[in-house]
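Quick heads-up: structures coming right below.
Shared between the two complexes below is chain A, which pairs with chain B and chain C, respectively.
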Partner chain A sequence: MNLIQWLLTLSGLALVLLVLFSIAALMVYGERRIIALLQDRLGPNRAGPFGILQPAADFLKLVTKEHFVPPFADRKIYIIASIIVPFTALLSFVVVPVSYNWWLADINIALLFIMALSSLRVYGIMLGGWASNSKYPLFGGLRSAAQMISYELPMGLALMGVVILSGSFSLVDIVSAQEIPFIILQPIGFIIFLICGIAETNRLPFDLPEAENELASGYNTEYGDIKFAFFFLGEYIGVLLIAALATVLFLGGWHGPWFPGAVWFTIKTLALIFLFFWLRTSLPRLRYDQLMHIGWKFLLPAALVNLMVTAVLGLFWMEG
Partner chain B sequence: MQKKRTNKPVPTLILGLCRSLWTVLRHAFVKRETVSYPEIKRPLPSRWRGRIVLTRDPDGEERCVACYLCSAVCPVDCIHLQARQNDDGRRYPETFSIDFSRCIFCGFCEEACPTLAIQLTPDFEMCERRHESLIYNKEQLLIDGQGKYPGYNFYRHAGVAISGKKIGAAETDMSPVDRDNNLP
Partner chain C sequence: MTDGKMTLSTQLETRFNATPCELSHDRVKTLSVPLERVTETLEFLKYEATPHFEMLFDLSAIDETERNGGLTVFYQLLSLSGNADLRIKVNLPAKNPVLPSICSVWRAANWYERELYDMFGIHVDNHPNLVRILMPEYWEGHPLRKEHPNRATDMPPYQLPEAHYREIMESYRAEDYREPMDDTEELTLNIGPTHPGTHGLLRLVVRLKGEEIRDVRPDIGFHHRGAEKMAERQTFHSYIPYTDRIDYLSGVQNELPYLLAVEQLAGITVPERAQVIRVMLCELFRISSHLVWLASYSHDLGALAPPFYAFRDREYLFDAVELITGGRMHPAFFRIGGVAMDLPEGWHEAIQAFLKRMPAAIDEYQALLTHNPIMRGRTRGIGILSVTEAIDWGVSGPNLRACGLAWDLRKCRPYSGYEQYDFEIPTAIEGDSLARAEVRLEEIRQSLRIVEQAIQNMPNGAVLSDQARYAFARKEATLQDIETLIHHFITVGQGMTFPSGESLFITEAPKGMNGYFVVSNGTEHPYRLRIRTPSFPHMQALAPLATGHLLADLIAILGSIDYILADIDR
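Presenting the complex of A and B:
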């Protein structure tokens, strides 16, 4: 690769980074407004037209704060942990195809790549809780580790159904294979993936790692300033990632009549993000034992059965 | 003994989840309860305990007689005053200051006041950027009106003698009894 290609690649990455950061910031604003709408409130409406500059104000506030590391914390890991979370979430977007000729990379193991990165994401949260060296972050970090390990398993198994149907790990191939969206062929897989996705991103009703009422905001209790903003950003980019993945894997990605592919992708992703916000306002947080109960005794067997049925049916399909 | 499990069947639970989702979604079309405060101000109750004022009687004189009762009853010691007496025998506060950075708006001063001079008003918008600006002096406290109790004049009711009003000349007073002619 020559210099110009390198520069193009780097500027493309910078552009994607900028766009994703802006989308995450707008999601914070959108979430606050939508939840306010569902709770008969107004939400932030002061900064700029309809309060759209609220995330910018929040961001400036966090950036201009003192960069503080608690004296009892493990300094290096404390800082690194806050970077891991948005880093892994951002990196996953490399393989997400937005439209039929519009993606950053088409890796033939894209799905495995995403699963690996979402496992690495646990390190960010767990190490953040551990390095804070105080009791509530530690609880939050441990819970997060347990929750993510428990929910990664059914998630991966639910994705296997998609892989069997499309015969590829590449997200581009998976979308291309969806003449009928896989949500029709894999409804159980879609539901399992969505539940696990909510659990993976620590959103309500599975936000046990950062349960405000029990853990004083959990793994990020000791975090302030820009490092907290990183965690926050990572969470919202994670939500965006799960919504985008569900779109790509189950809702047919860019497929759709009348509009260009990117528009369909955006519409489907936004609908799923709305679902995330809607669930957040509606459902109470699970108890820890209920969380484990659902993960191991319900989602995992369901995912296994789904996988086996898909495998058998897929075998006949391919034979016939 | 192990506690009996009362788990509901899974379809019931899922139905419950769907019902709560539906209920929340319906609230998107319900009127929002938030009042956009600086633009829309809700009317305050007339007995709201807000900014404290010193009122005047119907003749335009200060009602306060500098009895120190408000200062004594104040739980946070935020009222300071200095009494004085003028030539016609009326007492009045030479200085009167309320430190609103300490005031808790409990209204005890209003209850303690024998002359209805000190009153709490329905106004709470008194933010300042400087701490010292919250110390209100007599000029800031004293208003021209009579506040919540129009028509009341302490000296016309009380039996205190001032120049121009002898003992017994008050509205509800009877003339003092002449001890020498008070025999049956």
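Presenting the complex of A and C:
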């Protein structure tokens, strides 16, 4: 590659970064307003028109705070941990195709790449909980480690159904293969993926690593200033990622009549994000053992059966 | 009934050298027992006497310095099977008083005896853990002794030298009380005093193995304001607003037992209209208290929407309350002998509007909470309490009814005309967190029924007793003639004297049995006011309820017992 290509790629990355940050910020605002609406109240409506500048104000506040590391924390890991979470989530977007000719990279193992990154993300939370050297974050970190490991497996297995149907790990190929959205062929896979996705992003009803009422704030109890913002950002970019992935893998990505592909992609992703918000305001939190129970005794067997059925049927279908 | 009581007191007199020491105006049988016979007397009363006195309702003391000298410790016993009260008194010397512990008879005595030590400096022999409970460790003196200053301005300026400060902070270190040979996977977790799950200033030192609870030690007292001590320098009348703030979520529900006790002491009859207004407001505040419980409980379990719905509905309720009383949470609306004002124009419609919206709202709460599978899964079988245990711990109110015992003072000892209302006592049999939640939701419905009946049958007439001895001069008349003005000036400024005597009244507050024990010396001020709140014994029962469950369950159990820190610490 020559210099110009490098510059183009870098500027592309910078653009994506900027867009993703603003989307995450708008999601925070959107969530607060939507949840407020569902709860019979107004939500933030003071900063800017309709309170739209609220995330900017929050960001400024967090950035201008003193950079404080608790004296008892493991300084290096404490700082690194907070960067891992948004970093891995952001990196995953490299392979997400927004429209039929619009993506940053089309690698042939895209799905594996995303799964690997999401496994790495747990390090951020776990190390954050560990490096804080305090009891509540430790609980949060441990819970998160157990939760992510338990939900990674059924999630991976649920995705294998999609891989079998499309015959590729590349997200672009997977979307192209969806003449019929895979949600129709893989309804169980979709549900399992969505449940695991909520658990992966630590959202209610699976927000046990944070569990405000038990663990104060869980793994990020000892975090403040910009480092807290990183965790926060990571969570929302994670939500965006899961919604985008579900769109790409199960809802047919950019496919759809009348509108251009990017519009369809956006509509589907936003609908899923709304579902995330809606669940958050409606459901109580599960207990830790119940969470493990669902993961290992229900989701994992269901994902295995789904995979086997898909494989057998797919074999006959492709042969026939 | 009377026969049984006669034989019981003669039995006590012959077997334990008890002497009857009843004062007039009180309906509770009172006997004085010599110090050395206390434990066996109480054992007899709990296990052998007919009826059995199963519950240690209250245990505290009176400093008699300004009367006969010494200290009087009183045990309020309650028989749920026989629906009877009994008070056992013991006299102690003022210097180095020692009392035998009765923790072996009632486990609930533990905290009450610590309170005795804390407040009166009574050393309790054989107590498992005799340390201060409400006051901080470093406090000097025992506040409810008469010689202790009544207010901060009577004390020297507060000094906090650096060294002393460190010492104080050291006393708050969560002590590591793991057994030396215990397995190393245990850890001690300090929850609170400020923590989202504790609803106020409550500290829990929890011993955990993994996430499993081995032991819980509640540390209370952060909300102690000396409400009992304050009463000793207020007049009977001017103390009313203070009671509002004991269980600060149920406003007039605190005024009622206090005023009923005072009215019982002075023999005041309350006009019928005032009684119905009192019942109506009390039930509205029961709903209000349960709504806040619902909000905080669902928040404890991670549900984000129900808290807002419950608070929204409470606002509609407060609109009506504000119209009638002028206040919202602490209206201080009841007066000795009635209520402060007659009902304003439009009260009927305001309450009707609230009554109309509530049934659908309760359905919604049920759909979001008690019928929600996640919530059911989390609270079913968690924190189970059996009836016998509950009685032994002094548990009352919805928590007791959730264990299967339909004990409600509004039914079994109707006061303020509760016998005229048609309502049911919701009960459950499981005794777990879910049962407690279901009982409370059903109680809201029953309270709505009572309010409905009250507004339908609101009688006409006066709202304040006009018994000249204990009535304020009517404010309207003070501007007309000088006599009334002088009376008003004197009774408000100085207070009215009340006959000497003792009077206990227990009512069914939203959180359980709320008892006010007024001791009068014949002056304008209570000589001693004892407030027995339901939350205090409930919090004490937390440790046995939570042991063996997970950390997340601790919050679910804590929320389900519905306590208010101000109600515990007073």
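By our rule, the second predicted complex is superposed on the first by the 320 of 320 C-alpha atoms of A that agree within 3 Å, B and C clash if a C-alpha of one lies under 4 Å from a C-alpha of the other, contacts with A are read in each partner's own complex, and residues count from 1 in each chain.
Operating definition for what follows: a contact is a pair of C-beta atoms (placed from the backbone, for glycine too) under 8 Å apart; a residue touches a chain by one contact, two chains touch by 3 or more.
On a predicted model such as this, the values are computed, not experimentally measured, just so you know.
Once chain A of one complex is fitted onto chain A of the other, the partner contacts of A:W317 are absent, as it touches neither chain B nor chain C.
By the document's definition of touching, neither partner reaches A:F259: not chain B, not chain C. Using the contact criterion defined above for the overlaid structures, shared-chain residue A:W278 touches chain B, although it does not reach chain C.
In the superposed model, A:L37 makes contact with chain B only, not with chain C. Of the two partner chains, neither chain B nor chain C is touched by A:F68.
When both complexes are overlaid on chain A, the residue A:A216 reaches chain C alone and has no touch with chain B. With both structures placed on the common chain, the touch criterion links A:W6 to neither chain B nor chain C.
According to the touch criterion, the shared surface of chain A, contacted by chain B in one complex and chain C in the other, consists of residues 38-41, 281-283.
Chain contact summary for the complex, chain C toward chain A: residues 187, 189-190, 195-197, 211, 298-305, 308-309, 312, 368-369, 372, 374-375, 377-378, 550-555. The part of chain B that touches chain A in the complex is made up of residues 17, 20-21, 23-25, 27-28, 30-34, 36. Within the complex formed with chain C, the chain A residues making contact are 35, 38-41, 135-136, 139, 204-205, 207-208, 211-214, 216, 280-290. Here chain A touches chain B in the complex through residues 36-42, 45, 278-279, 281-283, going by the rule given at the top.
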